[in-house]
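Each in structure tokens, the structures are laid out below.
Both complexes shown next keep chain A, but they swap its partner, so chain B is in the first and chain C is in the second.
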Partner chain A sequence: MKLGNLGTSRGKEIGWIVLFVGPGLLLALGIKFYPLFRGLYDSLFFFEGGWKPVYVGLDNFHRMFLDKTVQQTFFNALKVMLTIPVWVLFPLVLAFLIFQETAGWRVFRAVFFLPYVIAPIIVGQIFREILGLQGPLNAFLGLVGLKLMTTAWLANTFTAIWAMVAVVLWSFSGLGIITYLAGFATISDDIFDAAAIDGAGFLTKIFRIILPMTVPVIGYWTVLCTGGMLLWMFPFIHALTEGGPGHATMLPEYLVYITSFRFFERGYGTTIGVALFFVVLTFTFFQVRFMYEAGAPRQKQKGGAA
Partner chain B sequence: MTTSRVGSGARIQRKVGKGIVTLLLSLYGVVAIYPLLYMFLSSLKTRLGYAKNRFGLPAPLTLENFTNVLNRFDFLRLLSNSFITTVGGVLLCTIVSLFMAYALSKMSFKGSKYIFLLVVVTLMIPNQTIMYPLYQTIGELKLIGQYYGLILVYAAFGLPLGTYLIAAYLRGVPDDLLEASRIDGANPFQILMRVVLPVSMPAIVTVFIINAVWMWNDLLLPLLILTQQKRTTIMVAISLIRSQYDIHVPLISAGLVVGFVPVLVAFLIGQRQLIKGMTTGAIKM
Partner chain C sequence: MMKTNRIAIIVISIALIAIIGGTSFAADQKKVTIKVLNWAQGGQEYWDKTAEAFSRENPSIQVEYESVPFERYYEKEGTYLASRSGPDVMANNLGFELWERAGAYKDISKRLTPKIKRSLYDYTGCALAFDEKLGILGIAPSYQGNLMYYNRELFTNAGLDPNAPPADWDTFGKYAVKVKASGKAMLAMGTGHTIAYWFFPEIAKNFWKSSEDIQQFMRGQIPWSDPRMRKVLDFMAWMADQGWYQEGAATTTMLPDAGDVFIRGDTAMIYGIASDVFNWKTWGDAMGHQNIGVMKWPMIDPKAPFAGKFSGVGGFSVGIAAWTKNEEAAWKYVEWMASEENANLFLKLAGGQPNNKNFDKSIITNSPSFTKIQSIISNNMPHTGVMLSGRELDAISRGYEQIILKQITVDDWAKTMQDALNDSDLKKPTAAIWNH
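Coming up: the complex of A and B.
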């Protein structure tokens, strides 16, 4: 409307809009929606070797619900989700400590962020050594008198998945820390000055000022983690355990890969992917709602009509 | 914080407090750094030297592992493959996102809200859930094993966050700014280049950095799409490193060190800008 008043004809303007929106729209439709719908469709077929796909209705889903491996991977996913409080709190505590701006805080911030920029596939391989039976972690435990606790962390059915989560947390907490720090930075200094004059102590400052004022950032990070946890693990699993021992660290995303690309069960692998899609949807929904509200074009009421 | 007149008791308390904070930070600093240091030290040890002394400094120092790794892997080629696909993906994604965000937030038209929703909703379709159909789709475009294939997929997967970040940023840019050059007779593309691009630089930098980090480090998509060995990326090669050797930690370590040194150097050079850029466009609540 607005533009129309100012010389350019409406037709020309539509041309520009199509030109600007077109490429992104093509990418979104062609590389995301099309494969998604194709996956939904393919999950109704049975593929084998070079044979023609056979329509099998919901047989793949039926098989999946009875599949012990699938059940275990989703149970593992549930275990991983249980660690979410740690994902939220651990970087928060570290961010608090950095925010005190004691000597060298910039160096600490950089050091804590460094793991995040190293590729997960590299991180995984490094920790495969660190967590090995004769690796540094066990050596350290032996040194401080906790020899009883030593184990082959990634080969032990009980510890493997937790060890893996810890590695992923090591890798991602830097991102959490700088996200929180960016949130803290938005609190105005005046508020802290006023609090200092009122004689607010350290704890008061944390619980009465910083936490309440950074609820949106904490929410943002929580949503990001819950949505991402089941999707960030692939390279770590690939490097650390390949899903083992047994299926102790097999998560749905890795099972989709194994089933589709190692066992070549395309239809079934896609079916598991579709199931994962619906599970992740419940978490990413909140992320998308958050982003939509923050970034959606506002309907302009003012001006326009001349 | 400069509270000048505090009692000496409070001052001591403050000092102790600061000491505890520094101690805790240092402890986690060790946790964050040690794994990398261990890899680095191991990579400089001979096989025997490692077996004898796993945790100490390399006693007979050797660069043999590095020459060995560099001989077995064509690192230059792997690095350039990673570079081409990352730069291509980052550029395409940023340009398409900028176009989209500009049209949606500054050229208000009917349905712009729905297009924005459509783009952001694609965030709910992660590649892990559509691996095989995605592979099929790229196959039908005859782009399996092609750089373009991976670049297109990267751009598509970076699009929702890119569009969102730039659009959210542009919301805060007053329309008057664009109005002025519009009156001067500039067309939308000229306005984009002359006004929108410079103004939205912080958001663009954020999009650039976030995408560069994940695209460079990504494993799954090149694993699926760049199936030919000569086109594969460094991360795919690193994922295979263990199956290429017998259990020989110093050699593997050398491969990993070679894999993360380029990123480490980039990080050391641009660390402050990186950390700032990563969040300025993202957090402004």
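Coming up: the complex of A and C.
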């Protein structure tokens, strides 16, 4: 494009595009891509004592693959990801209940969203007290005759990780509900009216109308949840358990933090971070591809109808 | 003639104004701002006063603090270390935490005069491997170390003499029986990094035979399978079995809750330190200074050479960043932080134990604990808690939580400690610290 063309309408159009897209693109490059490539670079070095780093090639990766603690954290991540169906369906059901405008639905909508606006670290500290051995949860269980179920929820090797997931689910569900409600709003009321005439019940509406017609929204929320489980649990881990007892609730992102900033092994911590990036990338790739393939036939149908 | 005089007066006036203005301008130009990174240890009021007091004595230097909550401190500091830019002065805890960051600090060993060294309880804590020949990375304004505090009223209620706290673990056990009979737990416990810093050294000191033992431990030359180290872990595990801790003690994040447990009066004793937090000021302000007693940790073997000593080290260091462009101004600040004036401020406002011995003892008159601490700290030894690497610190804390919960055995714990030692780059003979 010659400079002389800038005066043309095409040139002006390009100028406006650059003006509006440019800052965002620069921000993305600076905040997302630069750290990514810098991380890849740093993972090839050994950092010691703040002195000049030493190039070690793939030694950090070799060490990581043999590191039992790293293996455990990724195994824990896998356990957490097994709960994805709950993360997807729980807010969906709540959102549909609100969508049906049952009594008090506006209040419920606000109340369900409230946990999301509380800072995660505060949520973690609150639940640390609630889930404590002498906390309100155990007190309640004792009161209703379930004393046998009382335990130190965050200190029990088996329950700690599930308790933590439950806390995070409580915190994030509000966002899922709002996301689903936005998706439901795109479904024509005529369809629900027709279903009501045909005598469709609650479950039928969910499985025959809601789920099929909100696949893209479900897909989007699933991708968000996957990323969240692998990348957004840090404040909860830090407030609730610091990865304990032992490493029972340690996830890769928290291990990156303690390796880099407590053990001060920057190169090795970055290596674990790089591994986490590729795991998240892999999951996200297949999920987005599934969403695309699931959405493609619907797009073709719409194109045919037009 | 008069016209000439008037012109001369005007010209001279203008010249004088130009000279004075130029001098002021030059003076303003020479004014330096140094940035200090810390975690506001002791409270923001203390740090604000230090900036005022320092600038009064050094009008050409302005101090700007960047105070970051301790939980985020390493993350923030890490970004500055990675970019090798940022503050002119930084703070760190002593021992491996400081040594791991040695390349980020200037060596100030040549600046430390004998007078400065004599005025401090400890200056070698800021030296690499406690050896000033390897370089000194900063000065510690505070002095720190491990103590036990107790509730005098609860001792009395249990039928114990509050003026005779237990000096050994056998007596401690007998006291615990009486405290338990009075309806209280003996010792407030919260697992976390305090296991490494406040607990481990007080048990380990009973098993060191000489200073060489301690040196070898620092250099990673004593494996965790060694009988000396194994005895430490065994004893800590034995303590967990005695029923001395409050219920729910074993969670990694329990530390602040342990303080609440002691303040509430649910336990008769708590372990703590001399400065910063969990110290005589924390408990005294909350429970009444006359109600708080302090003692050294009990001994296992009173005949052991280090058993009765106070594990002491500088509380935190302030050092000059390796990349600073204001080295002289930064040094003036660091030097002032070790002064008597700062020591008085630190004691008065932060309630910490100053590292400068010449502080004004009349500042604190209402705390019998503080007075007693002055005699305790005079018989001191190197603090071996700060000789644990970052990995060992993490492993010992996590492991003790699981020991209390009976999730692992001492054999398992010793193994994880050895794995942590094996993975600790700074404790390898090839580490830059030992070859610097």
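The rule is simple: the second predicted complex is superposed on the first by the 253 of 306 C-alpha atoms of A that agree within 3 Å, B and C clash if a C-alpha of one lies under 4 Å from a C-alpha of the other, contacts with A are read in each partner's own complex, and residues count from 1 in each chain.
FYI, contacts are C-beta pairs under 8 Å (C-beta built on N, C-alpha and C of every residue); 3 or more make two chains touch, one makes a residue touch a chain.
Only a predicted model underlies this, so the values are computations on that prediction, with no experimental measurement involved.
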Message: I want to verify the contact counts: of chain B and chain C, which reaches more residues of chain A?
response: B
Task: Could you look at A:134 and tell me whether it touches chain B, chain C, both or neither (first, second, both, neither)?
output: both
Query: What is the contact status of A:242 with respect to chain B (first) and chain C (second): first, second, both, or neither?
result: second
Message: Applying the document's definition of touch, where does A:111 land relative to chain B and chain C: first, second, both, or neither?
response: first
Message: Is A:234 touching anything from chain B or chain C once the two structures are fitted on A? First, second, both or neither.
response: first
Message: After the superposition on A, what does A:266 contact: first (chain B), second (chain C), both or neither?
response: both
Message: Between chain B and chain C, whom does A:257 touch in the aligned arrangement: first, second, both, or neither?
response: both
Message: Taking the superposition on A as described, I'd like to know which of chain B and chain C A:291 touches: first, second, both or neither.
response: first
Message: Is A:75 touching anything from chain B or chain C once the two structures are fitted on A? First, second, both or neither.
response: neither
- request: Share the list of chain A residues that count as touching for chain B in one structure and for chain C in the other.
  value: 134, 238-239, 257, 260-261, 266
Chain A residues touching chain B - in the complex, by the definition given at the top: 1-3, 6-8, 13-14, 16-17, 19-21, 23-25, 27-28, 30-36, 38-39, 42, 94, 97-98, 100, 102-106, 108-123, 125-127, 129-130, 134, 136, 139, 170, 174-175, 178-179, 181-183, 186, 192, 196, 202, 216-217, 220, 230-231, 234-235, 238-239, 253, 256-257, 260-261, 266, 269-270, 273-274, 276-277, 280-281, 284-285, 287-288, 291-292, 294-300
Query: Which chain B residues qualify as touching chain A in the complex?
result: 1, 3, 17-18, 21-22, 24-25, 28-29, 31-36, 38-39, 42, 54-55, 96-97, 99-100, 102-105, 107-109, 112-113, 115-126, 128-134, 136-137, 152-153, 155-157, 159-160, 163-165, 167-168, 171, 175, 179, 182-183, 185, 187-189, 192, 213, 216-217, 219-220, 224, 235, 238-239, 241-242, 249, 252-253, 256, 259-260, 263-264, 267, 271-272, 274-275, 278-280, 282-285
Message: List the residues on chain A that touch chain C in their complex, please.
response: 46, 48-52, 128, 132-134, 152, 154-155, 157, 238-247, 257-258, 260-266
Statement: So, in the complex, the side of chain C touching chain A is made of residues 71, 74-75, 78, 81-82, 99-105, 192, 247-248, 250-253, 257, 322, 389-391, 393-394, 398-399, 401-402, 405, 407-408, 425-426, 431-433
